[in-house]
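Presented sequentially are two complexes of subunit A, the first with subunit B as partner and the second with subunit C.
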Partner chain A sequence: MATLTVTDKDRFLINQEGQDFSHEAKTFIKIRELALKNLKGLDFPSNKLEDWKYTNLKELGKLEFRPQSAANIHADKINEFKIKNLDAYFLVFVNGFFEPSFSDVIEDKESDFLVTNLNTAKKEFIKLVEPHLGTQTRAKDQFFVNVNSAFSQDGAFIYVKSKAKLDKPVQIIHLVDGDLVAAYPRNLIVVEKFAQAKVVLTYDTIETHSALCNSINEVVVEEGALVQLDKIQNENTNTYHISADFAHQAKDSTFTINTLPANGKVIRNNLNILLNGSNSTANLFGAICLNGNIHVDNQTFVDHAKPHCESNELYKTVVNDQATAIFNGKIYVNKIAQKTNAFQSNANILLSEEAKANAKPQLEIYADDVKCSHGCTIGQFDDEALFYLRARGIKESTAQKVLLDAFIGEVLDHISNEAVRAYANQLIAKNFKSQFAALKN
Partner chain B sequence: MKEEDKIIEEATSGEYKYGFVSDIESEKSQKGLTEDTIRFISEKKNEPSWLLDWRLKAFKVWEQMEEPDWAHISYPKPDFQDIIYYAAPKPKKKYESLDEVDPEILKTFERLGVPIEEQKALAGVAVDVVMDSVSVATTFKDKLSELGIIFCSFSEAVQEHPELVQKYIGSVVPQRDNFYSALNSAVFSDGSFCYIPKGVRCPMELSTYFRINEANTGQFERTLIIADEGSYVSYLEGCTAPQRDENQLHAAVVEIIALDRAEVKYSTVQNWYPGDKKGRGGIYNFVTKRGICHHHSKISWTQVETGSAVTWKYPSCILKGDHSVGEFFSVAVTNNMQQADTGTKMIHLGKNTKSTIVSKGISAGKSQNSYRGLVKVAKGAQGARNFSQCDSLLIGAKCGAHTFPYIECQNKSAKVEHEATTSKIGEDQLFYCNQRGIKTDKAIGLIVNGFCKNVMDNLPMEFAIEAKKLLEISLEGSVG
Partner chain C sequence: MLKIKGLKAEIEGKEILKGLNLEVNPGEVHAIMGPNGSGKSTLASVLAGREEYEVTAGSVHFEGKDLLELAPEERAGEGVFLAFQYPVEIPGVSNINFIKTAVNEVREYRGLPNLETKEFMTLLKEKQQLVELSGKLANRSVNEGFSGGEKKRNEIFQMAMLDPKLGVLDETDSGLDIDALRIVSHGVNELKSKDNAFVVVTHYQRLLDYIVPDYVHVLLDGKIVKTGSKELALELEEKGYDWIIKELEEEKL
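Entry: the complex of A and B
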């Protein structure tokens, strides 16, 4: 008798169905349909794919994740996730759904900027959303990008009119609550010509034994615009987080993204930066301090499509316990992108016997008048530096902390907002508390 | 057109000077690959049955494998049934001295500048000459055998030292290692064999010269080097081929075994026919080279890659023994339509193992040059140390230079460093030279030679001169 085998992919996709998107405008339904069509030709990611060589999703494929709406949550609970001392607009999402009662919404058509949820924007500001939504997701062949495109529930929409400046940063809080939740937040940030915006993205969990957060951030940086994105992932150790960030830069623009994966089970970040106008600058920074069993996979792709652009990339990693850190950075220089300056640096420190670090810094260059470099190191804290501090009567745990702060500080310095930087420092200190406590003396 | 562009244009006019065909009668197998072909080769070579079985096993594995396509190269896939797998210069018999070798063959090698005549003893190089993958002459045999060094063709080794061959063949590159190594294992026709006994320091450079002569043939040679405890050998390999419009396949395997405290230095100057300006013809060079290091031993790969239409080659070291050392020095030059995807693998298994990688890529014309490497530190490799440096130089706006390094580290006491840069020849450097009366093409030559210097310095002297000349020919016009 022939047995019917249900693949991980089929089961996964069947579980995502049942959401009703029919109320959406045709143009948005088309995006979902296209993604579903793309998914037909794609396999569930396995280690056989070069992109997933170091990250195994076998376990994820066996779990029955489903989109679920969140139960009622008390306001006090939500406040815990607001960054302390941060003067900002807050947007709160739980399991991918918008929580307007906890959010600061700015929907005034006369205002210089809009801060709202994507579903509202899809109805009220269709002219602003339509040209950008889904056009940034160039990764047709990425499974989880298409899953999000097909099933995303909601997300933030931030729009800054040309020459305007968002007066306060926006903190977008994405929470997961409940077991076997599949959340698909999708944020769209549009910053028009010569405008400025700062956005802080935080991903946390309220309570779950197993969850999947598959997020997409699309950022449109128009001519001369300035955008900074701080992304802090602090979910619990039962949560898978697979995200893709797309930035599309026009000429003279600057885009900075600080990635800080602190906690989770498996975290995978795909950064795709397209420098599509001359004289634009992209900055990619990552501070990765890992403990426990966490597996963090950072993939970055910087596409230099136009001449005279610059990209700076610095990823620093400290790995403790049984954690694994992966860095896969690619710089692609198109043949017309002369006078490109592209720099990439990845430094890893292994603290424990079981810690692992894999790196694959790549350069693909088709133009000749360029300056491109990458560097990658794996090592330990410098014994001599440690000795220097110890000789001055500083105890070992403090000395290690000093070296750690110095190492990671170089990245954290790029987070411009003090409150956010303090929060990042606090998360890192918490992760290594046990490490330093164990040293005692 | 700018002056600089003109010079770069001229670079493409460099002619391949080894493109002649020698009129030597040869004995060939039928086209195509079946079990019968393998039996035919094995029978021709009068091989023992274990080797035939070994070949057939490799063939079975190969049949189930797919040609790899992960490399950053694109080329029409060779039709494996349209290749002649065995071609030997005729008449095939044992040569007692060089006088008996076909003068046409000697003439060929004279034109190549290979010192196979004994009177060139002063050159101090013992040469094993392999033509269309059959060894035709080995020099200095007697002198070497006094020291107990075995240096002969692979088929001779199979007849005379079967115990060594059987013990080590496939021990570093197993049959199922990859598509081309499996193919080579099934059909290899000859190659070089070298054994250095315990504690012996080989007094001269050992050298193999490979030459493809026949049309439609593939060259599949296999080199096996065994350096016993405490021994030292420096080994050179050179290769050329005639100019033909169709692509020819070269799939070789090199295995090096460095036992405790042994040191092996393996240098290659690869100058297969690279094809013409439009990318017609040229050799597909798909080579598997790997060495295994036991305790306190060292393997050093040095390569200068200027030829071949497509190169796919990753000389590697398995640093199995504690305190073993692996080195890789490479200059890869691509011009016209050439494509190269080359690099190394350093697998650190033993404690306090060290590896150094220095790779210099130069792309000109419309060529694509990639470095692909792996540095792996296994869990038990306490105190492992690696330093890698990959620099690329771009000459002209139509070429590409790429770097794909893989770094995997599972030991906290390991130190791994990797750095890479890509740039073009600096206008300020050129200006500096011009200002001092050095013409632009001479200046480019100066800068390129400086760029490659720390790799060239690792080549044995005779080879370094040849390599420098090759570099000049490959980039003629722009490099002088």
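Entry: the complex of A and C
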């Protein structure tokens, strides 16, 4: 007699049954159906998969999430998540649902740009959404990419018309609130030829004892366009964050993504950059300062598909307490991608005995005229530098802060907006303040 | 000011200082000379509080305080300054922020308020001029890409900014050309007063042409074996150290 067992995958998907997306246009329903079909052949990720070797999701698999629903939020609650002194358009989402009353919506058809939610865009601007949504889901074997694609309720839609410039950055605020919440925000950013946009993504928690934020960001960078994304993850220690960021670059374009995972339970970032036009540049920077028990796993994939492109990747990590940092950076250079310049560097500093860092660079090069380099280091703060600072009267805790700032500063300098950089600095300082005091004793 | 009695220190189980005695009073300049491996740099490192060295016997008192009990930053706060033989490069930390942090932390230790930006800038300019250190270096990372001479001038500049009571110069002259040597020495001489003192650790006599010592000590095998006036340095330069070793052996007999 066969026994009926509930797998982690069943448990994970069962709570989404009954979500109704039938009001959507056929083209979007197709994306969801395709994702569901993909999911049939995929298991809930376990450590047996090479991709998930170092990140354990066993506990997550046992959680019985509630069906998605919007939450009631007060305005003053929202305001504290707006980055201080940031002159920006704000889009607010809670548990994956749009909060229009707290958002600055621009959906004037005559405007050079649109700042709105994806559900509105799917109806009002279907011609701008359809060619791009889901097409970058170049990861059909990724469980969480498909879960998001099947069940995402909403997300931001940012569109900048050819040759136009988004006059202010957009801060997309995503909040998690409530227990057993699984949120699936999905943002689409389309920047047309020679246009420019800066977007700041912040992920925070209002309150929860167990939650998952499974997000996707799709970015279309057309010919000669310039896009910068700052992604700051600051959820509470009960929240899992699993995200995938896709950039699709045409020729002469530049895309920069700054990733700053500051707080959470488990954070997994999958960056997937396709350099699909010659002379395009991708910059991937990560500032990872971890304490407590947080586990952060950054996976990057840069696909050099065309010649004369450049990718610069710099991930710097400082790990304290029992925290863990994983870095897996893959660079793929296609046979035709001659004159590729691809640089990757991952430097880790461990501050405690129990802190862990794992670095794995991967280069796959099929062109013969390329410049590629990668380097990984794992170490401690330079004792000589520390002694030098102390010999000049600087307290040990201050000296460590000075060295930390110098180390991480090289990455933070790439965040061009001062208010965002100040916020990033503040999060890092907060993470390390008590620790440096403790180290002194 | 500084009283060292019977100091023994070792690194990785190897004894380097074997019972060193030295007394330094305000207004004095002491030169410590000796061949390689005699313990000159160890003495400087122990005074500054380098943790790799273990003090196994003896005492070091600075103005009545047990210096060995203090952390490196507390020693700096008390007024001990070590000019490094090999100044450390610190990428990403600008020279100006570094010295500003140091000045204010030392002031805090001494119970003084932080310097106002304007006061700080005035002091900075004055002390940069003292060692002819280009203002351009202020915004560069600490010692990164500095020439040998610039590094040493930067040490003396820091010393001038922190205004110590006791300056310990660890082979500050090594690797300097004559111009740099002149500038560094001029800086030290300008800082000299009746209230402070210097211990100049050197391998060569030539530095002592510029920074004139009141006492010259010979350090051999972890002990000060001979003390004399500045003429002793000239004698060492001329005859080396062998004659002292011989003298010592004869004494033993």
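In the analysis below, the second predicted complex is superposed on the first by the 434 of 441 C-alpha atoms of A that agree within 3 Å, B and C clash if a C-alpha of one lies under 4 Å from a C-alpha of the other, contacts with A are read in each partner's own complex, and residues count from 1 in each chain.
To be clear about the criterion, a residue touches a chain if its C-beta (ideal position, glycine included) is under 8 Å from a C-beta of that chain, and two chains touch if they have at least 3 such contacts.
Quick caveat, the model's predicted, so the values are computed rather than measured.
Trainee: According to the stated criteria, A:396 is in contact with first (subunit B), second (subunit C), both, or neither; which is it?
Mentor: Touch partner of A:396: subunit C, not subunit B.
Trainee: Between subunit B (first) and subunit C (second), which, if any, makes contact with A:20: first, second, both or neither?
Mentor: neither
Trainee: Spot which of subunit B and subunit C makes contact with more residues of subunit A, would you?
Mentor: B
Trainee: If we overlay the two complexes on their shared chain A, which of subunit B and subunit C does A:356 touch? Say first, second, both or neither.
Mentor: A:356 sits against subunit B, while subunit C stays out of touch.
Trainee: Go through the superposed model and pick first if A:76 touches only subunit B, second if only subunit C, both, or neither.
Mentor: neither
Trainee: So, A:108: does it touch subunit B (first), subunit C (second), both, or neither?
Mentor: A:108 contacts neither subunit B nor subunit C.
Trainee: After the superposition on A, what does A:368 contact: first (subunit B), second (subunit C), both or neither?
Mentor: Touch partner of A:368: subunit B, not subunit C.
Trainee: Going by the contact rule set out above, which residues of subunit C touch subunit A in the complex?
Mentor: Spelled out, the residues of subunit C in touch with subunit A are 48-51, 71-73, 75-77, 81-82, 84, 87-93, 97-99, 101-102, 105-106, 109, 141-142, 158, 162.
Trainee: Where on subunit B is subunit A touching in the complex?
Mentor: Where subunit B meets subunit A, its residues are 70, 72, 377, 379, 392, 394-424.
Trainee: Enumerate the contact residues on subunit A facing subunit C in the complex.
Mentor: Residues of subunit A touching subunit C: 382, 384-385, 387-396, 398-399, 402-403, 405-407, 409-410.
Trainee: What residues on subunit A touch subunit B, complex-wise?
Mentor: By the definition above, subunit A touches subunit B via 50, 335, 338, 348, 350-353, 355-380.
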